[in-house]
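Naming follows writing order (A, B, C, D and E), and every chain is counted from residue 1.
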Amino acid sequence: MINQGMTKKDKVNIREMIDQNQRGNSIRRKVEKAIPIFLSLIASISVLTTIGIIWTLLSETVEFFKRVPFLDFFTGTVLKPLSQNPEFGVLPLLMGTVTSSLIALLVAAPIGLMAAIYLSEYASPKVRKVVKPILELLAGVPTIVYGFFAFTFVTPLLREFIPSLQATNILSPGLVMGVMIIPMIASLSEDAMSSVPTAMREGASGLGATKLEVTRKVVIPAALSGIIASFVLGISRAIGETMIVTIASGSTKNFTFDITQSMQTMTAYIVEVTGGDAATGTTVYYSLYAVAMTLFVFTLIMNLLARAVSKRFREEY
Amino acid sequence: MTLLHERRKEKTLSVVRNENWVKPIYETNGLNLWYGTSHALKNIELDINEREVTAIIGPSGCGKSTFLKTLNRMVETATDVTISGNVTFKGNNILGNAMPVEILRSKVGMVFQKPNPFPKSIYENIAFGPRVHGIRNKATLDMIVEESLKKSALWDEVKDRLHKSAYGLSGGQQQRLCIARCLAIDPEVILMDEPTSALDPVSTHKIEELIHDIKNDVTIAIVTHNMQQAARISDRTAFFLNGEVIEEDRTTTIFNTPSDKLTDDYINGRFG
Amino acid sequence: MTLLHERRKEKTLSVVRNENWVKPIYETNGLNLWYGTSHALKNIELDINEREVTAIIGPSGCGKSTFLKTLNRMVETATDVTISGNVTFKGNNILGNAMPVEILRSKVGMVFQKPNPFPKSIYENIAFGPRVHGIRNKATLDMIVEESLKKSALWDEVKDRLHKSAYGLSGGQQQRLCIARCLAIDPEVILMDEPTSALDPVSTHKIEELIHDIKNDVTIAIVTHNMQQAARISDRTAFFLNGEVIEEDRTTTIFNTPSDKLTDDYINGRFG
Amino acid sequence: ACGEDGDSAKSEKNNASAKDVKLEGSVAIDGSGTVYPLMARLAEEYMINEQENVSVEVSRAGTSAGFKKFLVENGTDFNDASRNIKDEEAADAEKLGIEVKELKVALDGLTFVINKDNDWAAEMTPEELISIFLADSTVENWSDINPDWPNEKIKAMGPNENHGTYEFFYEKILDKQDMDSSVNLQQEYSTLVNLVSEDKNGIAFFGFGYYVNNTDKLNAVAVDFGNGAVEPALDTISEDGAYADFTRPVFTYLNVNHAKEKPQVKDFAIYVMNNINKFAGETGFAPIPETEVKENISFLEGL
Amino acid sequence: MKHLSEKQHIRRTKFRLFLNKFSKSIFMLAAFFGLFFLVVLLSKVVADGIGFINFDFLTGKLSTQPERAGIMGAILGTFWLMLVVAPVTMFLGVGTAIYLEMYAKKGRVLDFIQTNISNLAGVPSIVYGILGMTVFVRAMNLGNVVLAGGLAMSLLILPIVIVASQEAIRSIPFFLSEAAYGLGATKWQTIQRVILPASLPGILTGAILALSRAIGETAPLVVIGIPALLIPFPGGIMDRFTVLPVQIYYWTLDASLVAEYANLAAATIIVLLVALFILNSTAIIIRNKFQRVF
């Protein structure tokens, strides 16, 4: 009956077919109802992951603090986990982590921001199309490669200028980490700046402002929270970075301000202690979780901070 | 046209107003709508008559689109929308849960300001609606595609590239494709939201002709910012301002002897 | 107003056309503009006369904004723009590198469709232009701010909250603030791109009054989609279609006895 | 974490000498970083020449860390050690019901390395060396040892407490006296090599193997045990050679239960003993007496 | 300009223009600094490693002898790892993204999940290693096999895939959904027939970039435990394994044992970078090819 060409009868069929299909449609409606439930289960995996991380870290951290007083851990400047008279002060690790991250930020913040300005305000789309993927490529280089590079190239190079620099030191991985987070800062800041409405730029350049003035007086103030958020996220990334410092900064648990010395970060400590596969039950083993918990809380605070800052900025216009 | 007959057969239960033989397919009573706390529609009392073209005019932001989208409940896709009042479609309240929106929308097509074909082939665009409603048979689909394209006067222009992307069409062709896509599910009403405002004069003219051609089969409600267009194509016109219907009447009356000063001002371009 | 005197003193060197005592501040010859390969302005020959209001009308996408933005070279901020032909401002070709755009734009202000105040205080918005051009003195700035706000009839409404964010103003006030921001650098021309199309009737009226008030001091080119507005406020009107100037004449002529059929069709709403 | 495929290959009775029997499964080895090069070499040769379907996995977390993974249920099959098993560790094994067999695999000379530019400390006495590392000694600068030497701070280093080398040094050389807290202890031998090779005042101790592979970067201290300075070398390192005082045996400890359950473990153990002296030299170890080798083989074959 | 003589104005403008030009070159230098660094890094790695790349190296088994060593085992390990990571993250990531973008009601719960995801994205990778070691290797007793590593790695990149998919879905203009709803399509039909096909390129781009992150990750696997010497090739997801970056790590450390290991590490880096380059280029090609049809 369908192939009889197009008569008005056929036309009616469409409506009727549709109506008919709609009537006998309980399965589809059930599927329609089930899908959000199913998807919400999938979505809950990400929440479960967080719970898993916190539970894993917390249960063993509690065990650790049964053996080592809380205060000793957070105020101790000596970390000798494997010694006959072990001491578990986390401050040397915090020092290493903070120092390397600050060095990284000192490199990445100005360069990243300037690169972002260039890309968002000055570069032609053609240039942007080339430079952005290259920056992304830099972000995509595995950190182990940076580590190798810091250890076998940057450190020897730096020693030409700073003879007192140790073969493993916190300076070189800090600098290289800085380069590693340039793309992140550049790209997030660029996002913040390019989300400043063009109308705002037109308003300013319509009054005869140069690009620099438009950027400095309108774009950057408007994007400031986004830019700051990118810095915070950059630091957070540096804090969590592992392989570069593990390879290039050694495992000396120095509590010092001397960046030419070897220092150990929290992440590098974790790698050292697991040493391929950690054995359960010892205080050293539990210290691993206490340090990881500290690291986790540290980065969590940073991330929440970044989020809070950038949220403020989204409400602007 | 059996369907037509059927529609005619339905007893005119609702009150016949203004003219004889014309009965409203949509009736709106005390319709209020809020986006969050902003009151976008205020106490609307407006009917849409069957097999007429109703034009809705008014300045930007007055609630024209909102009202139109209430008629197929598309407005609910926005977040935090509160609706009160009654809207009946063929006597059934559509605002409750009595009728699933999918069924309502299969009877009420919609055409938007910006042509919005799917990023698929022309054929797939037209076949989308029927497929969604469970029509799988290839021959039937072929037939529906051809028929809909013919009705929307697009068949000759595209019959050789049915399986090419719809994005290769011009803006005007895309808009006619969107109308064809509606026609493919044989709706009783088509809602059009400024369907020609992004189009060139020639395309506009074609769409107006198309509206004229299909208005005997389908009820049309059209939002337009072009008053002359409203005057040319509609039977009745409603003038919205600030979420209220200021005036609603036969198009000739609205344009020649509006009873409200605001309507007069708007039609004569003193604002908007 | 010393500058005004200076302007008056300048000898009328360019050809006086159409009317006596009126000389073009902008002259456009064989202007063509492409976005990539799309030809947006075609061989435009259109002058803007000093201390007149020139309205530019035409359907969406016909190149009105593009033309306007060519006049202060803002169009070049778009990517891949090619321009040929001549545009002279007070006798100097602006398309070459002879005059830095920053200088040109300090003499040619621009007001956009959507009000675009900076996310700063009202005061800082107005002071932005003078500051950029090197005026640092607080007293001078105060004076400029007050004067500009007065000219744009905003002073009374905002004088008590000069240091509050400009975002606290209504849409209409923001638009007048943007005009005040232009006036603060004392421009010779103000380009306006549909300055009222996002505004309510009352605000629209205020802006039209404002245009009327300042037109003795400043040349104004205004794009509008509201033909009645063009008729109300402009001295001359140019009708654009598809990147071409179809007709250009005294406003009264255009609206009453257009010489081109297309102009007539557009003005009487047969398309667009 | 390891060794759960024990049930795949089976049985105590299957004690055919495995030469021509195809074996499969895996052998998990962890422990001493000092012994690692030797064991890795043996494992590789075994897989190439003997049983290509057996996967011998060698890690090197350090002797002590290794024991922690060895002495658990489903632990590793072998633990390499650069010191003897401790009493506590042996007690743990007993508690878990793990029968442990000590297999001596080679002799290593504890080597003190210094920077190539260090031309003063090429020879030292054991007492001088010990004074550098002791907590309560007055030695801080080179000149504290010998007034002719530079008045510069000594940078002492060594492997950290994860390592048997550390414990050997602490227990046998320092005689359990506290080590100076300024000694820079590292997890990785490579880090130590680099640190010393780039620091004129550096001095570190570790197994001879890590020195012989880096003679281009490091010098070894010749030790004067009383009869003139002795360089550590393959022929001086032995239980009664000239470097005997700093010579120590290195071991691998076998989980005998695993060897009984898994033929591949037993087979590999026998292979190790049969070939140990062949590869010791090239990885920087001195061989052990053949009689000890024979004893161990006959023990293993009896399982 | 009032209050300013024409001469002053022009002089000042000239200075402002100079300042603008000058800063532009500084900004440009900053942007190209990355490029410069990349070139230095690559030349160092290539100089160290290129001579060691040959067919035997690429297809051979691992060995303690540098002249015999090959990285096929690590390549296969990486391959098997991705075979776990890709489907798991695509399924979980896209599912979560659809839920969040299309179904979840705006409000606290959604905010919480969203915050949670962005925080997860910031959790250091080594913490995922600890999670993997504790949950998959120990508690679930999988051992340090591909599956355990793959699951840990999947959780690590899951936030990236979710966010990328969300962006891809969000970038589908609402008018397309509107068109589908207007024809009476249900929500799932709209998602299935309109939104997912249209956002697929975006999702794929994001997923590929996330995978390339997973390929280069070292720390979590080091924590989970990869033997320093593992010669047999892994043949499935229940086998023990090593991967390219971990091999680089061990060789870098062991360079003090055998100097040529440093060269082997460099050669392996080249292989890894080539693989990543291919993946990234694929992502960029997909992105450019399907960019904004609407």
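We adopt the following convention: contacts are C-beta pairs under 8 Å (C-beta built on N, C-alpha and C of every residue); 3 or more make two chains touch, one makes a residue touch a chain.
A quick note: this is a predicted structure, and the numbers were derived from the prediction, not measured.
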- [ ] Spell out the chains that contact chain A while also contacting chain B.
- [x] C, E
Open item on the list: Taking contact as defined at the start, I'd like the list of chains shared as neighbours by chain A and chain E.
Closed with: B, C, D
Open item on the list: Measuring between Cα centroids, which chain is at the maximum distance from chain B?
Closed with: D
Task: Rounded Å distance, chain C centre to chain D centre (Cα mean) - done: 85
Open item on the list: Counting only Cα atoms for the centres, state how far chain B is from chain E in Å.
Closed with: 47
Open item on the list: Can you pull out the residues of chain C that are in contact with at least two other chains?
Closed with: 102-103, 106, 132-133, 185
Task: chain E: positions in contact with at least two other chains - done: 13, 16-17, 138, 144, 186, 225, 227-228, 252-253
TODO: Enumerate the residues of chain A that touch no fewer than two other chains.
DONE: 208, 210, 213, 276-278, 280
Task: Every chain pair meeting the contact rule - done: A-B, A-C, A-D, A-E, B-C, B-E, C-E, D-E
Task: Touch list for chain D against partner chain A, complex - done: 1-2, 30, 59-62, 64-65, 68-69, 72, 160-162, 170, 181, 184-188, 191, 194-195, 197-199
- [ ] Write out the stretch or stretches of chain C touching chain E in their complex.
- [x] 2-3, 100, 102-103, 106-107, 130, 132-135, 140, 144, 185-186
Open item on the list: Help me check something: in the complex, which residues belonging to chain C touch chain B?
Closed with: 59-60, 197-198, 200-201, 204-205, 226-229, 242, 265, 268-272
Open item on the list: Residue numbers of chain D touching chain E in their complex, please.
Closed with: 1-2, 4, 26, 28, 36-37, 40-41, 43-44, 47, 52-53, 55-60, 188-190, 192-194, 209-210, 213-214
Task: Residue numbers on chain E that touch chain A, as the complex places them - done: 13, 16-17, 19-20, 23-24, 26-35, 37-38, 40-41, 44-45, 48, 91-92, 95-96, 98-100, 103-104, 112-113, 115-131, 133-135, 138, 144, 155, 158-159, 162, 186-188, 209, 212-213, 215-219, 222-228, 245, 248-249, 252-253, 262, 265-266, 269, 272-273, 276-277, 280, 284
